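Encoded as structure tokens, here's the structure I'll be asking about.
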Amino acid sequence: MAIVLGPNRYGKAETRLVRVVRDGDVHHVKDLNVSTALSGAMREAHLTGDNAAVLPTDSQKNTVYAFAREHGVAQIEDFALLLARHFTGTHDTIHHARVAIEEYAWDRIGGTGHSFARNGGEVRTCVAHHDRDGRASVVSGLTGLVVMKTTGSEFHGFATDPYTTLKPTTDRVLATAVDARWRHTGTSADFGASYALVRDALLEAFAGTHSLSLQQTLYAMGERALAACPDVCEIRLALPNRHHFLVDLSPFGLDNPDEVYYAADRPYGLIEGTVTRDDAPDAGFAWE
Amino acid sequence: MAIVLGPNRYGKAETRLVRVVRDGDVHHVKDLNVSTALSGAMREAHLTGDNAAVLPTDSQKNTVYAFAREHGVAQIEDFALLLARHFTGTHDTIHHARVAIEEYAWDRIGGTGHSFARNGGEVRTCVAHHDRDGRASVVSGLTGLVVMKTTGSEFHGFATDPYTTLKPTTDRVLATAVDARWRHTGTSADFGASYALVRDALLEAFAGTHSLSLQQTLYAMGERALAACPDVCEIRLALPNRHHFLVDLSPFGLDNPDEVYYAADRPYGLIEGTVTRDDAPDAGFAWE
Amino acid sequence: MAIVLGPNRYGKAETRLVRVVRDGDVHHVKDLNVSTALSGAMREAHLTGDNAAVLPTDSQKNTVYAFAREHGVAQIEDFALLLARHFTGTHDTIHHARVAIEEYAWDRIGGTGHSFARNGGEVRTCVAHHDRDGRASVVSGLTGLVVMKTTGSEFHGFATDPYTTLKPTTDRVLATAVDARWRHTGTSADFGASYALVRDALLEAFAGTHSLSLQQTLYAMGERALAACPDVCEIRLALPNRHHFLVDLSPFGLDNPDEVYYAADRPYGLIEGTVTRDDAPDAGFAWE
Amino acid sequence: MAIVLGPNRYGKAETRLVRVVRDGDVHHVKDLNVSTALSGAMREAHLTGDNAAVLPTDSQKNTVYAFAREHGVAQIEDFALLLARHFTGTHDTIHHARVAIEEYAWDRIGGTGHSFARNGGEVRTCVAHHDRDGRASVVSGLTGLVVMKTTGSEFHGFATDPYTTLKPTTDRVLATAVDARWRHTGTSADFGASYALVRDALLEAFAGTHSLSLQQTLYAMGERALAACPDVCEIRLALPNRHHFLVDLSPFGLDNPDEVYYAADRPYGLIEGTVTRDDAPDAGFAWE
């Protein structure tokens, strides 16, 4: 038996990049958080401290900023692929690159060309991989999209056991913070268009599904997204059930006809699931 | 010399209340975080543990929920005043009540009657006070309104000393997270209308002021808000300067014509200031 | 009626300073978060954008770092006073300075001279003020000291009203996160010694008081701190009541003899109070 | 092509459980955060909303509390296994259970039997899996152990490219927040003992390794842990490089002999790696 090095990677996390494009008096803003992670011939670095194969994380950060100037930033997926391809294409010791980007949205303040207010809704995300053999993958996503239905949600007919005290309900508030990631079949989609399509599909399915469980809603959301986007072959959803409990007002002589709720923090249900095409290509390293 | 009890208060913090009003198929949501704090004849509670004067914080929480059912919730300021008046009016031992409320906004998902997405922008706030002598105050506010100007901001002509290395600039990115609280002259304003007026004034002044310093922008924002709202007599603003530093790309043979920025976390400038009418009535306990 | 500028201040918040003192192979670490805020002749900066009176926040940050090298850092209170005195003493336009510091503790890893593990307990704090007339104040403090008693805490005999459902108890879990700030009579105490005395007094009073209410515990803690520290004339405590609710296990045929609890997040009681000497000098700006 | 359901699981996240054991006047506290996740015959729940196979997440929460009373809580790994075994053993529709637990430490306040202060250092963690065929796994861990070396750390001899500006160094501050998870070969170890051994090994290796890179330190930490614990077959470490940059004080006529540092927030290096025995059994679902 020997002790050996297993899988490893290293990089610069959370490089905050804001790029301003000036089209006369009308400006455009890209506000990103970029994390790079590289792997390859890093055995000596770990075992002897010989860093000859290690491109400093500081250089990775510099590359992010320089590439923003040299190549611009359109869709985050394309920028992530560009960076990942660069790292694996220019350093023999780097065999694989993973680039993750978060994008924060800004809305133009009415009528102005260069004043903006942060849109505090969901964050757009992506993770791109590229290896030295030219294999690549793109997963897009969003996180922090908080939604609620005030009716059209039931939960009954569930399994019970000696620890079950929950009462069945035919009308409850259903709220969740959508965390979704979807895998593209290739690496050359119109990622802005597919983002809009998936986002709309998720919202429409959430709102339009008469829900018998959050699992059913999750599947409907995933199915709708895949149906809307031929380029997407798989979607993974994590939906925390942000419980809203009807407050018992009877001690105060009051009824509570589905009106006054307590929004609980913890614990919360957590529903996770994948919806996929049955002919989806192998995911490889896409979800790593 | 003796050791004595000084000012004190107690209450229930962060009671999470969601109220749903059902107008047929069209629902309306109020999503609040309510904190109550009471003070009065609490000397014995502190010195001997005699709790005869202490209304439990649990009862305060119950009151919040029951009042939402009994009285509904329109503007948060009115609901806060109602609660504060109740506590001081019904318990002899309670001489003063402070009620603070945060409100989270939800947008209707397009075309639906009872599906909503959380508007992740700013949080609306208020603090109402009421004492047993009938004195009352209302401070409204907002927090977390993040704004940015990509031009129209300068900073030069400042004082220097041996520790000054900052270079003057005639064009910089200016970004901040607006934290604003404004005091009403009375307690019977149309608080929804004044909220909209103040919010618009803050945004317009931020966007419309050619800024020579964040101090100047702060004053312009405050002045505009007071001008827009006769009912408001004082406004307090705290504006963190979310620095965006132009990245030096010259080591890579690149220029950087106000295009690529690093968004820094800490440290940050913090500009705090009050703008007031010179005939504003005494604030009393309004800001406590 | 005119709109005018009211109280204001500006500065650099959260300058993260780590200073290492090397005594041969034995090193000592100071890990601080320093926030400076200045006020004075800032009217023109606000009204016209003339910055001649404004020492940049960047210079304030530089001063923090340079002073750490020039003067060292012993007790945070002394370092804060030094900085505040400097700003008001060297710039005519600066009439008042407030310096707040947080200190994070590190423990030496056993037997080593220069390896440390962060002590994740409470944060030590201070706020020092100094004005150009030589008036000064020091408030010391701690935050995030989380404590719990598993017995020796009761709550009964409280006021009731139609919204009261709480049951009295003669044995409950009492847990809180101590936030304490204490004002020194002068500015030349041995702040390290008084910190240790106050901290011990708070812990001993929390543990040693058979509690009939959190208010009573608060007062006991404050009284003990003042008794221990002649130099301290006033202490302010904020104690969130981190509720631990006994879980009802009877639906599962189980009793629960004060054994299994649910630790709740929100809402929580919040008890705030001041304990003071009756001959304490006027606080002036100390608490601002 | 068809759209189908892929891997899924659901459960109750973050059930906060505090258990007090009373040994006369001496009490013992366990403070846990328990998350359960179940999977199995959940196809109908997703596709048709038929919940017959779904044990409510509320029942899972109840089970956590009831089991704490029925079985007690010794090591978190054993409690997690007990719960996971229960869910898969008593419900035909549940084929697999994952139970994750965080444990928060409390120190006894000196000399007292039932007063405690939260030890704010690292959090102990575990993830246990169990399926209906009796396969099981245990991964233990810790997170949030923040450590720093003020000397004995170099970084030079690294790869360079046109985007490299970093200067090599032979003496730097090295700080990180250790996130470690280690897999046990079986499910019946003395988990408390192995926790102590691994924790000590990590600290000793961090402190004792003259570091030529954080990668080298990571490997040394993992190797030391495996050497100390025969029961552990694999360890995964994630080490953010919490950069401490020496401040350039030369503009102020000051040198800075490795004394005054700026502790940066973002970006940060992130070093991730696995150290494993070459005869480690297949991990199966252990890391999921």
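As written, the chain order gives the labels A, B, C and D, with residue 1 at the start of each chain.
Basically, a contact is a pair of C-beta atoms (placed from the backbone, for glycine too) under 8 Å apart; a residue touches a chain by one contact, two chains touch by 3 or more.
Keep in mind that this is a model prediction, so the values were computed, not measured.
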Relative orientation of copies chain A and chain D, as a Cα rotation angle in degrees, nearest 5: 180
Interface copy of B-C among B-D, A-B or A-D, judged by whether over half of the contact pairs recur: A-D
Euclidean distance of C-alpha centroids - chain A vs chain D, Å: 23
Centre-to-centre distance between chain D and chain C (centres being mean Cα positions), rounded to whole Å: 31
Distance between chain centroids, defined by C-alpha means - chain A, chain C (Å): 38
Sites on chain C at which at least two other chains make contact: 16, 62, 66, 163, 165, 251-252, 265-266
Chain B residues within the chain A interface of the complex: 16-22, 27, 29, 31, 62, 65-66, 68-70, 106, 109-110, 112, 114-122, 144-152, 173, 203, 206-208, 244, 247, 249, 251-252, 254-256, 258-265
Complex contacts: residues of chain C adjacent to chain B: 1-16, 35, 37, 42, 45-59, 61-63, 66, 90-91, 93, 155-161, 163-166, 211-216, 218-219, 222-223, 226-227, 234, 236, 240-241, 266-279
Residues of chain B defined as touching chain D within the complex: 162-163, 165, 251-252, 265-266
